[in-house]
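Look at the two complexes coming up: chain A is in both, with chain B in one and chain C in the other.
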Partner chain A sequence: MTRRKITQRLAMHLLLVPFLVFALFPFYHMTLTSLKQNKELYDRTAVPLLIRQGPTLEHYTKLLWDTAFLTWTKNSLLVTVLSTFVSLVIGTVAAYALARLKFFGVASLGTGIFVTYLVPTSLLFLPLAQVVNWLGLGDSKWALVVTYPTFLVPFCTWLLMGYFRTVPKEVEECAMVDGATRIQALWRIVLPITVPGLVCAALFAFTLSWNEFIYALTFTSSSEQITASVGVTSELVRGDIYYWGSLMAGAVLSSVPIVVLYVFFLDYYVSGLTAGAIK
Partner chain B sequence: MAIGGIRVAAPASRPSLRAKVGELLDREQWLGSIFVSPALVLLLLLVAYPFCMALYFSVSNAFIGRPSHFIGVRNFINLWESDAFRQTFQNAFVFCGAAVGAKLVLGVSLALLLNQQLWFKRLIRGAVLLPWVIPTALSTLGWTWMFNSLYSVVNWTGLALGIMDPPGPNWLGQKYYAMAAVIIVNIWRGLPFFAITILAGLVAIPKELYEAAEADGAGPFSRFWYVTLPLLKGVLAIVVLFSTIFTFSEFNIVFVLTHGGPINSTHLFATLARQVGLETGRIGEGAAISLYLFPVLMLVVWAQLRFVRKQAY
Partner chain C sequence: MSGITRRHFLTTTAGTGLAGILATGVPPVLGQQREVSYLCWNNFAPLMDKKLAEIGQRFTKDTGIKLKIDHIAAAQQAAKYASEVQSQAGHDLVEMRMHFPWLYDSQLIDLGDLVADLEKKYGKVLSSAGETARVRGTWRAVPQYHAMFVATYREDLFKKASLKIPDTWEDLYTAGKELKKMGHPVGIPISQNYDSISTAGPVLWSSGGQEVDKDGKTVRINSPQTAQMIEWYKKMFRDCMEPEVLSWDDASNNQAIQQGKAGWIHNPVSAYIVAKQMKLPTADTINHHRTPGGPAGRHETDVPRHIGIWKFSKNAEPAKEFIRYLLGKRETYDEFIMSADAFNLPVYEKLQDHPVLKTDPKYAGLKAEGVQYHCYGWPAPPSDKVQLITNSFIMPNMIAKAVTGTSTKDAMVWAENEMKKIMAG
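Now for the complex of A and B:
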């Protein structure tokens, strides 16, 4: 009986292997490539799955000292942190109002937020580029700080509405009966309860804006203004020549902040992913 | 709950004004309007307004740095007469259909596996979700290298296993292979969303139903067909709807992997819109291409509001 169970369990793990290889191999290969010496990298007789001729950090040092990679990373951080913070504040108050308060137009606003939540960024990037120019933010990272909230705010609002609904109304009503104003009740009672939701929204907003590509590619172009993903994909390719070692080093390094967050907050990612889709 | 610990701030000076403002803020109508106004202003200014601009651009001959004029539906007619656009239109459906279909089938299988008793459950889930959190543009760069015409590790593996004839396909340089490559990368990146969301749906199905079905003599296959699938329908519908809109509007993967080539065979609406609208400067035509994403968006929104949200409330 137990033996049969163990073989069954082993079989399940074996069936999972192809999925895991599919999911993880690209990362393994990217990291491996970034650590290989050029002579092995471009040796067609070498085995591509291993490093046989000794690892090297030359691609990383080249990336860090010979390109503007550090500037791009700084830009990414600035844009991501600012737009996440702004969107979280705007999203939190909007979500609270939509989930809890009764006022004129609340239902249609909720629907409106939901619709904008579904609008893909690739639908609006052309006219938005014009708006960005009119605002005097052409080729500036500040254009990204201004435009990223357009997809972050609907997302945060939608996610947090779900969390606010799970807080029983009685909790704030009690506080208000005891003399607290509604804002005090929100600040001291409701928000502390919804901290997991806020963390989740912040993590997703951070990830979404760190990973954003089409707006960054369209609204910024000079090396001092672009973000890490744009820098790595466009500036490291000279004409038709791809410096694969440095490209992979850039891809690996730019993924580090997200991977770190991910390792620490995996459960939030899982719950946010499902909540975002189901609620 | 430390409700008793709440202290009402004692107004120090100008009590009448503070009290008045406080009283107004306690009225739901006022507080609600104030709370939603930042979001509303942002979305009107940077979503609704650009959308209206897109509508206008699509019926004008807008060109970067030049005044534009109304030209009716000529952009749309021009598009239908261009081979690049017709190819793109076809690509979009092939790409979306194949990718969403494969993600659905693989996603259900993977979710069923993840729902079993597993060792290292957390670790496996973490690994499965990883492609979804890494910046797509960068991971696609990794795939570009894996599909490289000379040093492709995919071909090396295929040759080593004897399932490919030397020298193996030139993935990004041949029409159908390039489309296959783009679809594979999209599946890779979108599968975690399917698997994890469907898994959440599976976990929510009460165990007793399976026990009852088993007691009635249902085998694993009929349990899946008559218990799991019907109860999973709602979740599957949501996942497919979400994925349809984001797959249809895909940009990053195509832009990094193939740039739409070879000869437009992998262009999607978003990438063609960028090429026409920015690289050649015909914003009007570019906006018209982008707007082809709109009917799909409407369809998904309609379906969501009609079927899905109804269940939630």
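Now for the complex of A and C:
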């Protein structure tokens, strides 16, 4: 490697450092705070970015054993996985139809789905509360499995519509010429090509469900039914008393599933996100 | 009659009945366990939640009524209650803070009989709790306890500098100047949070001012009394505090005194209780005194908390039974109050000198003598508009404008216009 190339690479990496610091700082600060003793957290002479008085696991112990954090996390996982799966299935079929089929009002239907996604959950939770009650799902995590697709399906549909349009029509036409039905062409030809798009939609849907707060707050109440996003804030913020150590421990542990997912599927995610842009 | 034998009749009816129970999943009334659910806030004193659960278990054992208690953070109550009201389903009992009974007036049953029984035993309900739980003459909720804002100060610093415990807001200014020189400024938030309003209210009331008249309609914020209050804030901000108070949240003043930075804050006793629980070095140095007064008397912001029963509840009677069980027996009520370590105190007059105040010498300053407790918006009667004025943080914004350069007059005119807009609907 020439000296010039080494310098160029070094410069490129150096340019990335500020972005890396910006992205990692919240995690660093969260982890650090979760490991500090209370006396250091409340010591104004302490250095905020270092542990000087020795680390402790007491906040993790409190979170894991004095609260129902494990149950909340289990609920979050169940609700997120199911609602993501359901939304992805419905979104894929809808997106394919809107991207490929020609029927009356297809364009306005696509726009309509996108507009639905823009309606904020803070407006929808009241009418949805009636629906949840009518379904007999009050104070049940199943209410979330039913209601999360209301914002996930439009999102997945919109994202996948863009992706399906990047797949050349000729590919599936060839399959259909060879005797495949449209469903078979979708299943055997189009979907394998659109895996990055599907992964991208799944990741986004997973993150949106995992972080969702207002539906989880209003449709569930008991400790056995609530999700981690509601449980942590309800239990560890008591008016003007913030249990900072345990709050941060909850934030660190809750971010683990998302981090793991993104680490494994990052390449798919990037290509899925940018595919529509170059069409 | 030869077709139906006694055995045949019994077999058929028992079989049909059992099939009905299995099909509907609902046992016959005699076999049903009565059950009530209670949506309660996440108490600032966590041990009180544990005690509530313990009392709840005893209640179930003694009465056979199953009690399910769910907790919710104070900030999230409004959204949750709105969804329960909208769907006309949810819990039977609900914890109600301050003016909540006024906001949900039409959704709550009359609990006058329970309050009358409690007043017979414990004396009259404190004015702040009465003003908020009794809506146009009807008790929409039963007052259970209250927490008030008091002065929390660094006793060691006051002793070191031979400072007088402030009796008036002017005394606080005198002490505050010295505290700031010592590196321990006064910590009164001037930002969009409720602690800001909880201090601004008493300062305004003790100057004789008010936001809205007691007629509930006329905006009174633009007055010489408000000007006096703003001038006090200006000099406090300049000489006794640090600019960071403009960005504080509800927890910041607690943390400022717990960390050993602030020399004086205005807050419920939570700052001290948490410092004690976390074994912080500052716990030993903190003490309390009553909120300072002014020319128009000594007024304190109070946060009474009540229990209500939704009208849509199908279990109103067992729900009432639980309220009686929790608050109606002196020993149970005492046990409940003691668990909060003086954070929540009884709201009935005869119980004001409660034993919990003797559990720690630092609670001596909490004894309610000659105190006028008020909730936000006083003297205007609670209403959605007065509540909206509070929730729009007009008063702290007015003060923030004034201490950062806007003239007192302009800040008052701004606040007056904002309040008038809300009152006009």
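Observations
Note that in this section the second predicted complex is superposed on the first by the 232 of 279 C-alpha atoms of A that agree within 3 Å, B and C clash if a C-alpha of one lies under 4 Å from a C-alpha of the other, contacts with A are read in each partner's own complex, and residues count from 1 in each chain.
Here is the rule we use: a residue touches a chain if its C-beta (ideal position, glycine included) is under 8 Å from a C-beta of that chain, and two chains touch if they have at least 3 such contacts.
No experiment lies behind these values; they were computed from the predicted model shown.
When both complexes are superposed on chain A, chain B and chain C occupy overlapping space and clash. Of the two partner chains placed by superposition, only chain C is touched by A:240; chain B is not. Contacts of A:138 after superposition on the shared chain: chain C is touched, whereas chain B is not.
When the shared chain is aligned, chain B comes close enough to touch A:255, but chain C does not. Shared-chain residue A:13: touches chain B; no touch with chain C. A count of residues in chain A touched by chain B and by chain C gives the higher number to B. When the two complexes are overlaid on their common chain A, residue A:39 makes contact with chain C while staying clear of chain B. Look at A:120: by the touch rule set out above, it reaches chain B but stays clear of chain C.
In the superposed model, A:231 makes contact with neither chain B nor chain C. Using the contact criterion defined above for the overlaid structures, shared-chain residue A:219 touches chain C, although it does not reach chain B.
In the superposition on chain A, no contact is made by A:197 with either chain B or chain C.
Chain B runs into chain C after superposition on chain A, and of the options 20-28, 74-82 or 146-154 the stretch responsible is 74-82. Residues 42, 44, 125-127, 129-130, 214, 217-218, 230, 233, 242 of chain A touch chain B in one complex and chain C in the other.
Against chain A, in their complex, chain B makes its touches with residues 1, 3-4, 6, 8-9, 22, 25-26, 28-33, 35-36, 38-40, 42-43, 45-47, 49-51, 53-54, 57, 106, 110, 113-114, 116-119, 122, 124-139, 141-143, 145-146, 148, 150-151, 153, 156-157, 188, 191-193, 196-197, 200, 235, 238-239, 242, 245-246, 248-252, 255-256, 269-270, 273-274, 277-278, 283, 286-287, 290-291, 293-294, 297, 300-301, 304-305, 309, 312.
Listed in rising order, the residues of chain A touching chain B in the complex are 9, 12-13, 15-16, 19-20, 22-24, 26-27, 29-30, 33, 41-42, 44, 47-49, 90-91, 93-94, 96-98, 101-104, 106, 109, 111-116, 118-131, 146-147, 149-150, 153-154, 157, 171, 174-175, 178-185, 188-189, 207, 210-211, 213-214, 217-218, 228-230, 232-233, 242, 244, 247-248, 250-251, 254-255, 258-259, 262-263, 266, 269-270, 273-274, 277-279. Against chain C, in their complex, chain A makes its touches with residues 38-39, 42-44, 125-127, 129-130, 132-133, 138-139, 214, 217-219, 221-223, 230, 233-235, 237-242. Chain C contributes residues 39, 42-44, 46, 68, 70-76, 79-80, 82-84, 86-91, 195, 250-251, 253-255, 258-261, 267-268, 270, 274-275, 278-282 to its touches with chain A in the complex.
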